[in-house]
Amino acid sequence: MPGNSFGQLFRVTTFGVSHGIAIGCVIDGCPAGLPLDIDLIQKELDRRRPGQSKLTTARQEADRVELLSGTFEGQTTGDPITLLIRNKDARSTDYSHLEKAYRPGHADLTYELKYGLRDHRGGGRASARETAARVAAGAVAKQLLAHAGVSIQAYVQQVGPVHLEKPYHQLDLRQIDSNAVRCPDSDTAHRMQAAIEAVRDQGDTLGGTIQCVAQRVPAGLGEPVFDKLQAELARAMMSLPATKGFEYGDGFAAAQHKGSDLEDPFQHEEGQFRSTYNRAGGILGGISTGEDIYFRVAFKPVSTRLQPREGMTKEGESVTLPAKGRHDPCVVPRAVPIVEAMTALVLADHYLRQRSARI
Amino acid sequence: MPGNSFGQLFRVTTFGVSHGIAIGCVIDGCPAGLPLDIDLIQKELDRRRPGQSKLTTARQEADRVELLSGTFEGQTTGDPITLLIRNKDARSTDYSHLEKAYRPGHADLTYELKYGLRDHRGGGRASARETAARVAAGAVAKQLLAHAGVSIQAYVQQVGPVHLEKPYHQLDLRQIDSNAVRCPDSDTAHRMQAAIEAVRDQGDTLGGTIQCVAQRVPAGLGEPVFDKLQAELARAMMSLPATKGFEYGDGFAAAQHKGSDLEDPFQHEEGQFRSTYNRAGGILGGISTGEDIYFRVAFKPVSTRLQPREGMTKEGESVTLPAKGRHDPCVVPRAVPIVEAMTALVLADHYLRQRSARI
Amino acid sequence: MPGNSFGQLFRVTTFGVSHGIAIGCVIDGCPAGLPLDIDLIQKELDRRRPGQSKLTTARQEADRVELLSGTFEGQTTGDPITLLIRNKDARSTDYSHLEKAYRPGHADLTYELKYGLRDHRGGGRASARETAARVAAGAVAKQLLAHAGVSIQAYVQQVGPVHLEKPYHQLDLRQIDSNAVRCPDSDTAHRMQAAIEAVRDQGDTLGGTIQCVAQRVPAGLGEPVFDKLQAELARAMMSLPATKGFEYGDGFAAAQHKGSDLEDPFQHEEGQFRSTYNRAGGILGGISTGEDIYFRVAFKPVSTRLQPREGMTKEGESVTLPAKGRHDPCVVPRAVPIVEAMTALVLADHYLRQRSARI
Amino acid sequence: MPGNSFGQLFRVTTFGVSHGIAIGCVIDGCPAGLPLDIDLIQKELDRRRPGQSKLTTARQEADRVELLSGTFEGQTTGDPITLLIRNKDARSTDYSHLEKAYRPGHADLTYELKYGLRDHRGGGRASARETAARVAAGAVAKQLLAHAGVSIQAYVQQVGPVHLEKPYHQLDLRQIDSNAVRCPDSDTAHRMQAAIEAVRDQGDTLGGTIQCVAQRVPAGLGEPVFDKLQAELARAMMSLPATKGFEYGDGFAAAQHKGSDLEDPFQHEEGQFRSTYNRAGGILGGISTGEDIYFRVAFKPVSTRLQPREGMTKEGESVTLPAKGRHDPCVVPRAVPIVEAMTALVLADHYLRQRSARI
């Protein structure tokens, strides 16, 4: 299969580029009978869209979503759901200097090595704009999952050197959207904001991490041996622009430990098994336990900066790229709804796949 | 699709459990005309099999691979390739104490939550024994890739607190298999070995990390936007038993940095573009650059130890699990050929997928 | 996978319903570098659209196709190609009488049995209008195939009792579009036209068959053992509305014969093998021989007629359905470009799949 | 995906060639908790195997099936089910005359055109022997379907000029296996048998048709718009060796008729909708109605005969092929369990797919 689809039973195909006519997605496999609230889709797009605060790119996109197919009288019909977002503020001329130059740290070179040509305007499919279609699809998946009781919340845990140490269960996750950096701890949020403003003023960018928590996920999701739930989540996260790492539960820290350090005996409460510390991150053997699923994603600082940089022409000549383009100094806050969306796509798919596990 | 297949065009399906009759795999999509060396497959299985040194489980498995189909006069025919490994030393009675108890940190509970029943002998499909089939399949993929000039080498970078600081390009990767821990730096290897022996003597286990490097990978591999090369590698690694994290290139460290810290301008040498530092890990925009691909995988210490542990019955009663079973004190050295195999499966698949990128 | 996608490497997903906002398709996997002529897409849609002659439904649809993504400066980029067709003349009120009644011979009942609800306006996804998206996608596939030298031509071979006996190689296939019934033999075409007008005047409908011929198909296409070329063609044809049968080469007639009757020895001409009579229909063992591929598809008369008919309510009460709705008295002529489109989708897909057959 | 797998959720991969070590299949996606009766699998293989009567090839194959994985204590576990059949009576030397010659009507030439090489012994994957693996897999699917109440029965309807006119509902389908030709009408069976014996005595072969009926199929199976149930059945049947045509319900005959001739109003009985005549063949709009599904498959006479035939060398020289090889004079009776098996694979897959149709 080509690479622009995600999921087996809840299957999303995204299309469109940053500087084309439109972007969007088709969702095939959403079960019939789901009341679909288009406002909730718009709301998630609004969380992702640029221009929300001075921390984000100056590009203005209304990002109005249009539902072209898939519902009848407000309910899904089992037919493909099509969501379209027309591009509005696409200043292609901003990118004319890239027609003949490759930017380091970008996909300019590799798209051309792969396809033999590329749309140089704004990164084409490699642009983060493509993720708006994922957010729209994820908003449908969230509604399906909400029907099953599942909630998904992500937040910024680290921005450059500023790191939130408290684990998620000591935080009030309702505060995530209360500030521009989407960190539910207000002290840390202020420090993150200051760090971003500092690099912005230098024309620089900053990396960070996002923590995501999925709660009330039914036990049993995940398909051994290759489509284990953590494998699917890792794939989903690593398919996002700028991500560099994924870990779940104890993560990389577990590599330093002895087995006896990480002992985590079961307990039994109200007819449910639970782990004392949930070190496993809600997944054992690739299958959800019914406990909270939590994982962490690393984002690099984006390579485009408001500083002159060195690019290279097709002929191998160094060229200085002008300090322009409209980008976020730190993409991590805006990536929060994107991480949630991809998590929702994984869980919605496995929620349906689990229906075939038993006779 | 169910979860026991991997790859789109070079597609592997594995089958069998630890304590059943056999394990094995079917590879569908290996191109015709590849001379297939069965000895190279056996050699990779020998690298993975237990009983190689006192650092590994006492379980003895000859793990002789049998080629049931897919070649004619030594060459692949384009038909499915079937590789079978009969189980020999499967002492199921060792596991009778698990019939009614769930081990913490294992998949006992989740398999039963998912499927309504489970094969309690040795972990069933959740056993690391399943990875032998992956190694066999990977050995075929390696031969296809060798034909294209690609090499893949993994090594142990960390064992518990012992960490090899040198980057891979300062190491002699030919030394990987020269010691039992599969660390190419002999000083570090000794310290790792000592660390493993220490926990083994306590009946404990130890985690660690593996670094993997793929060299001479053709530029252009990876399929935007969901099947980016790093997404596929992450999925592959996170589908392995005991893995907890994945990072490539700068990885999690990138999250702490400013964009200007990670500047990595292109250079042009002998008609090829290359990055000055290859911070990206050989992948830009999800597509291989032609430079070295490198990534790191975290393994937890396995939960089974030669220490009494607390399990739980189906009825929710705590039970003490006896200190028995045959397991490695540190699985990371034996995971080296497994990581290589999964890398080979990803690259072989994308090597074929790339053939449709252009008219 | 859900059912609204077709193809493995050249993969089309269609969306939209007869009486919704729009229909369309996303093509993922079209190789980069193909000059894409949007006028050729429009031309195929014009061949399919209603209102072309007095033999077709009175419904008027301009069916203007809009290219939303997938090209840059006139060439495909390897990104998903999105084609959108807005619905214009959708008189939903025509269908209000169907809100509570199931028509015999239609999908009204089964959609509701499957999904628990249905869009009763004009048949929803079961409407032949969905095939416009297939035609648009097929027109892209045709351009890819034309690049490889392949041509595909279908024509009406039978309309009710009127049957064209001459084999395709005795016909001038350039005459197919020269008449309203799309039969390249003008005498037969006149008789077919008369037959259709006769049933139209009675408010009745008529079935028929289409013969399709694909020429200059490269040898080697088709994937044993399940995705044999004839299996894929059969699936493609039987997924069209109103089709009831498929046969290729000698077809059903072969069942009556002895092997010695159908002897078809190879000949060797200009370095190519060819069969003396090509009884096999250009496919042996599921793989194209390089000779003409030909097959035949049967269409039933559509069930909707301008005659009162007996329907049934959800409660199981018989109701008389009024003699209205806008439908073709014989859909077979308009199905010609649809059959060609589906043939193109199959061949384009296998043209790409064949690229992985050898090292 | 490569071509050796069938089904989306109940997914079968077959492997092995006629003259290799073994053939077999892996079934991924069979739900857990199904009591699996290995004897029923063997019984279906016994129905298919050669050497049962003087009407079939003299080749003797015990065809003992071995269950390598997928059950625990007699029940499916949700793990892949592996079924292996070792080849016994494989006289490869019988085929040495084919090393350099292509037989007309066989896949010898096309395999070589596709893959660049071929296993010339007995047809390789193109041999009907591969269908034994399909029968084994189908026998598992039948058990899953039996659990849902579904039964599948096929019978020989035509052998060369001898045709059984009675529709299936006037026959006693329990008599299918009561005679060597598998025709439930004993008079017709005798005439068929005589026809086969006559061609056998001439060293010739004969074609025929099979009718298949699936009863008590749940309503709602089939996935619009490409994976309609008849499309999947057509693909399944046309993937079998020697098939040339498929039709369901009224089939090709519908092409000759007016819509008013085929009127088939609903009736309502015991809370169920049913069609008065079930002309549709149990499928409307690609979705099962809950009524009997019936269809017909055409088989050509196999090209291999006990008569000298003209082949061709790679160099394009005509050669006379000796009158040898072991083949059935009419493969249609032995194809009955194969048609049933493929039907079972389609229905089992859609039985599971339907589980995701509604929230």
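When the chains are written out, they are named A, B, C and D in that same order, and each has its own residue count from 1.
One rule holds for everything that comes next: a contact is a pair of C-beta atoms (placed from the backbone, for glycine too) under 8 Å apart; a residue touches a chain by one contact, two chains touch by 3 or more.
Everything numeric in this text was worked out from a predicted model, so none of it was measured.
Colleague: Where are there more C-beta contacts: B-C or B-D?
Modeller: When the contacts at B-C and B-D are counted, B-D has more.
Colleague: Starting from the Cα centroid of chain B, hunt down the chain whose centroid lies farthest away.
Modeller: For chain B, the chain whose C-alpha mean is farthest off is C.
Colleague: Centroid from C-alpha atoms only, then distance chain C to chain D, rounded to Å. What do you get?
Modeller: 26
Colleague: Can you give the whole-Å distance between the Cα centres of chain B and chain C?
Modeller: 46
Colleague: Centre to centre, by mean C-alpha position, how many angstrom separate chain B and chain D?
Modeller: A distance of 39 Å separates the two centres.
Colleague: Do you know which chain C residues sit against two or more other chains?
Modeller: Correct list: 1-5, 8-9, 14, 29, 32-33, 78-79, 114-116, 125, 224, 357-358.
Colleague: Name, in rising order, each residue of chain B that touches chain D in their complex.
Modeller: 1-5, 8-9, 11, 13-17, 20-24, 26, 28-29, 32-33, 66-70, 72, 75, 77-82, 84, 114-119, 124-125
Colleague: Once bound in the complex, which stretches of chain D touch chain C?
Modeller: Chain D residues touching chain C: 1-6, 8, 14, 102, 104-107, 109-111, 113-116, 125-126, 130, 158, 160-161, 199, 202, 204-209, 219-228, 230-239, 241, 243-252, 254-268, 271, 273, 275, 279-280, 283-290, 298-305, 307, 309-312, 316-318, 354, 356-358.
Colleague: Please give the residue numbers of chain D that touch chain A in the complex, ascending.
Modeller: Against chain A, chain D makes touches at 1, 9, 29, 31-34, 76, 78-79, 144, 147, 224, 352, 355-359.
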